[in-house]
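The same subunit A turns up in both complexes below, where it pairs with subunit B and then with subunit C.
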Partner chain A sequence: MAQATDTTQAAGTTPPDAGDEVKVVGIVCNWCSYAGADGAGTARLKQEFEMRLLRVPCTGRIDPLFAIKAFEKGADGVLISGCHPGDCHYSEGNYYARRKFELLDRMLPFLGVEPDRFKYTWVSASEGARWQKVVNEFVGKVKALGPREGRAL
Partner chain B sequence: MSDRQAKIRELAAAALAEDRVDYFIGWKQGINPSEAIPAFVRSADEVDQLIWNPLSHHNLTTFLKRKMPDPPNARIGVCVKGCDSRTLVALLQEELVDKERIYVVGVPCDGVIDRRRVEKEFADEVVDISFSGDVVTATTRCGDSKEFAKGDMTFDHCNTCRYPNPVYADDMAADPVPEPEDRTPMWGSIEEFEALSPAEKDAKLADAFETCIRCFACIHACPVCVCWDQCVNRCRRPALVGQRVDTKENLMFQMVHMFHVAGRCPSCGACDRACPVEIPLYLLHRKMNKELYDMLGFEPGVSLEEKPAFQTFKLDDPFGEH
Partner chain C sequence: MRIGVFVCHCGTNIAGTVDSRGIAARAAELKDVVHTEDLIYTCSEPGQSAIQKAIIEKGLTRVVVAACSPHMHEVTFRRTVEGAGLNPYLFEMANIREHCSWIHDDYGLATEKAYEILKMSVAKVRQLEALVPNEVPVNKDVLVIGGGVAGIQTALDLADAGLKVTIVERETTIGGTMARLDKTFPTIDCSACILTPRMVDAAQHENIEIMAYCEVDKVQGYVGNFTVDIRKKAAMVDWVKCIGCEICVQKCPAKAPDVFNVGLAETKAIYIPFPQAVPKRAAIQVEHCRWFQQGKCKVCERVCPADAIDFEQQDEYVQKEFGAIVMATGLDVFPWENHYHEYGSGNIPDVISGLQYERMLNASGPTSGHVVRPSTQGIKGQEPEEPKTVVFIQCVGSRDESVGRPYCSSVCCMYTAKQAILTKSHVGMDTEVYVFYIDIRATGKGYEEFVKRAQTEFNVKYVRGRVSKLYEDVIDGSRKVIVRGVDTLLGKQVEVAADLVVLASGITSAEGAIPLAQKLNISYDEWGFFKESHPKLRPVETNTAGVFLAGACQSPKDIPTAVAQASGTAAKVLGLLSRDKLKTSPQIAIVEQNRCVSCWKCVEVCPFSAPQKQEQRDGTFKSHIIETVCQGCGICVATCPVNCITLKGFTTDAIIDQIEELLLA
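Coming up: the complex of A and B.
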């Protein structure tokens, strides 16, 4: 209990009121970003708690439709993260993925989703501190926008 | 116009007579003279039904993706316009159509007529559309008749067309028409939509997609949508798209289509023409192509040697964090 309080205070927020809470989906690759997030947790780096992580084998496995589906089902933000280009566990998965995410990133504002609600980035297994920064910044922006009320997506 | 029609008939008759193809796909007159419909011609005596006029809007490449496996070894002749040929090239790039089994007649195109636009000028049913030069004359069932300039009645994507001549053809039905010197793509009417705020966009999309009846006409008509029975839109597992027909599911359905044809779709407009409730699908596809061009300088279906955008990558792609 004491720990949970610490977490929220460190992130500079108070626990949200019911109905006010944002839902943020993080889709991360098993080899870099998930391990990075794990590292951040092990090092007890305080992070925004609205992030829900989904682990996939590789960013190359992430169909842009996963993000669109998440938005459709009520996510307020989607973060995709994987290995840095050149570091992919499967050599080239994230190079293919990069093109898809860039297209998605450019299409989402056209579909009525604010640009700050989607981000794709790279976090390696050793970058726990970077993971903390990415999550706090991203979730902070989504919180500033508040819950989505899209009719179309 | 008619010399292209004559040449199409001649080439089709020759191909059928010499048994180079099993059947030939072109356009023929519909039930009334105000529309053209696809024609399947199986013998040289029947080629007289083939026509070419500005109503021949169908992208016949669609039949290649469907007919190719059935019968498995059919050799097919097909007519293509400029935009159709780009969808064909996109299919050939990914070896989704066997180049050895098709015979392609390219038809230089001056733009096709948007029949729906003509229909909206009348309260009555349009039963005849005829052409002389650049004048289009439409007549209704009660004999009401109006003349239009052809340029006012062509499809949006014809007005911004950069490839009036087929980029791939075995034989041409006429000499190429003059091509625009500047090949930089134009995106027509999407800027208006782009300028809206996120909430306005959402409202507009919701209004448009609310009416979708999920008839699948867009993906049936789409020449580059090829999964058929494996389509995630029609299976319950993975449950990406639900059975329930509501606004969100409808847009999701279209998103599946859009992202799956990304890099193959040259915005030929077949889906728009097929939609019975007139959802502005061009918005999505043109925006996608605009962004692809902006990202990679990539235009789908322009050259046989090129690899589709999403089947390859460069180490130094100029976007994303490095």
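Coming up: the complex of A and C.
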């Protein structure tokens, strides 16, 4: 494959606009948002490139410290997405998640993380188009802010 | 630890945008990775064999496959690695197709992203441990929710195979939408002649219990062991005593809208929806009953020969256990009146829905099968008038984004052709019949030929174009509905003065579908249709194990499709329940008891009551999670204040390692 060489070179070296490069972590539940992202992929809905997804069974599994850990390790944005309220595969996991992330959302600015760098939302398994919109809007905002100054929280 | 990494090309699905070979080669640099390989189609037989060969020859103890979504092939590859003697839970999938190659165009950037996704999976696989599923006994009884043609078919298939089936139906009779139809396309068979014997078969089957006028109130448990609370709605009639003689209906003085006849007629406050109802039992509509509204009457009680009327009756709740649940809740007709104001919002009497026309065509319907103009009905000293010009308008509430319904309802083209033919045969061949259509969708067996027959043999005039407006006007002294539209083939305006307009109203999900889906924790789309697990791999399963789909609750379907799917669903249920024990997922939570502080927060948050207070040797109590009850959501894990609960397969270490692997690069 001809392009293989270019790719290998791109790895580890600095892309042209590396100054603007951001890293975004998405933590999503298996049943709704991961499947919604799959649906977006199957429908070939083009998305911002910076999102990296991590799959957990339920947003109720997500410890807010995961998000804080990600920021500590240098993430420029963290997105959390699960089933819509009322639709949780496990009945109520997203309700527990909502309380925790509402609190985290309000706390992060005190740690020096701008509000647009964190978002929690709901995308169902049938909402591929919504997933595309959520990713593009969120990553777009993080890119507008640029990489986070100073890695420590 | 010896990790093997396999990167899929998926033909060009992945390799078209991602350098699969390149990232496979680069993965060799990752810690513990001893074997890397790129495969053209990893899920194919040669692909799976290559994985098994590498496991055996290279002594791999962990496997990562970078390919499609785990929702697609995680189960496939778990079996593959197990076939080579590796524990299936020492496997991890990196999704570089749906989440990468299919959503990006830039080859370099997509390759880089795919490699990062792969690295995260390698980081995770290092943290995995061998897991062994538990086994639970299986209850072999099946609940079918909805007694339309799909539910009846599934129930009969299952019952014939020897399983006990309960049909829960919210109306007083089974039959569903098909019971309201006059004829069926493309054969013009009598709908009732097909359906009612099936209804009777279900009622008389030794393995089927029909719970009509009941609703599912609450669902607990999991595949193989569901506990369902069912509400028996108060009919104000003792159904053990009621013999369905209809004397009460004849004598009842209080009128009520006839829902079964879609408002074309009136019924009584005490009613039986139609003559062939199964079970044939009367029920009182309290909101229309004189006794309940005005405190006097009780005529039904006086005339009932079976002493069945019970004004004191209350809703009752029963609890039943099932191993599997089939959703067969059917459909509703799109409420066009609320959306199509250009068609008169339901205020023009001679503009009716397709289902209303179906009732009108039916011999046991409100007009005894005579086609009449509703505006001429019920006038003293005057016979209702037959229409001379009938216009059908297709795609009302289908393929119309302006009313939020972009989908095709799949049956309207065909039922319109059928109704057009029936119009000619009921009223006369000299009747003028027009069909305004967008496209004709006649994809089933014998369907295209049927539409052609309507056009040629019955001379139904098909006009390609939308109707923009319907309004009433008086022409030559007679009241007409003016149909103003466009013929897009001729490129000109068309106006027809019609006596009757039938709207091919589309299909929407059944009322209450969404709250019911929430009770069962199954997914649904924005219109309330239930979502299958995969359109081709698991088309009748939902993402909730043990819950299946049959009929139009999944998407609009005609009768042949609904029935075929219902039998397919029965086969899937039989497959599940053919075993005496079910393997449960071992990806569940476990408590490290010596660190448990007995705060019982896990007990409070668990939706399944999996954590229990377990007495220890020293008399203290610690949390203990019952393995076969835990569903592996991990809510307790994130709640435990001392982090003494671990979710196998999704450990905190595994999650943190993935985050670090991604960000430390």
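As a working rule, the second predicted complex is superposed on the first by the 134 of 153 C-alpha atoms of A that agree within 3 Å, B and C clash if a C-alpha of one lies under 4 Å from a C-alpha of the other, contacts with A are read in each partner's own complex, and residues count from 1 in each chain.
Simple rule for what comes next: a contact is a pair of C-beta atoms (placed from the backbone, for glycine too) under 8 Å apart; a residue touches a chain by one contact, two chains touch by 3 or more.
A quick note: this is a predicted structure, and the numbers were derived from the prediction, not measured.
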- Query: Between subunit B (first) and subunit C (second), which does A:62 come into contact with in this model arrangement: first, second, both, or neither?
  - Reply: second
- Message: Applying the document's definition of touch, where does A:44 land relative to subunit B and subunit C: first, second, both, or neither?
- Response: second
- Query: Regarding the shared-chain residue A:118, is it in contact with subunit B (first), subunit C (second), both, or neither?
  - Reply: neither
- Message: I'd like to know which partner A:32 touches here: subunit B for first, subunit C for second, both or neither.
- Response: second
- Item | Comparison of subunit B and subunit C by subunit A residues contacted | C
- Item | Contacts of A:138 with subunit B and subunit C, given as first, second, both or neither | neither
- Could you say whether A:98 touches subunit B, subunit C, both of them, or neither, answering first, second, both or neither? first
- Touching A:107 in the superposition: subunit B (first), subunit C (second), both, neither? first
- On subunit A, positions contacted by subunit B and by subunit C: 63, 69, 86, 92, 96, 100
- Touch list for subunit C against partner subunit A, complex: 15, 19, 21-22, 26, 69-72, 95, 97-100, 102-113, 115-117, 120, 517-518, 521, 523-526, 531, 543-544, 587, 605, 607-608, 631-635, 637-639, 647, 650, 652, 655-656, 658-660, 662-664
- Inside the complex, what are the residues of subunit A that reach subunit B? 63-65, 68-69, 72, 84-86, 92, 95-96, 98-104, 106-107, 109-114, 120-122, 150-153
- Contact set on subunit A toward subunit C in their complex: 1, 3-4, 6-8, 10-11, 23, 25, 27, 31-32, 34-35, 37-38, 40-42, 44-47, 49, 52-58, 60-63, 66, 69-70, 73-75, 86-93, 96, 100, 124-127, 132
- Query: What part of subunit B is in contact with subunit A in the complex they form?
  - Reply: 193-194, 198-203, 205-206, 209, 240, 247-249, 251-252, 255-256, 259, 262, 283-284, 287-288, 291-292, 294-296, 309-310, 313-315, 317, 319-322
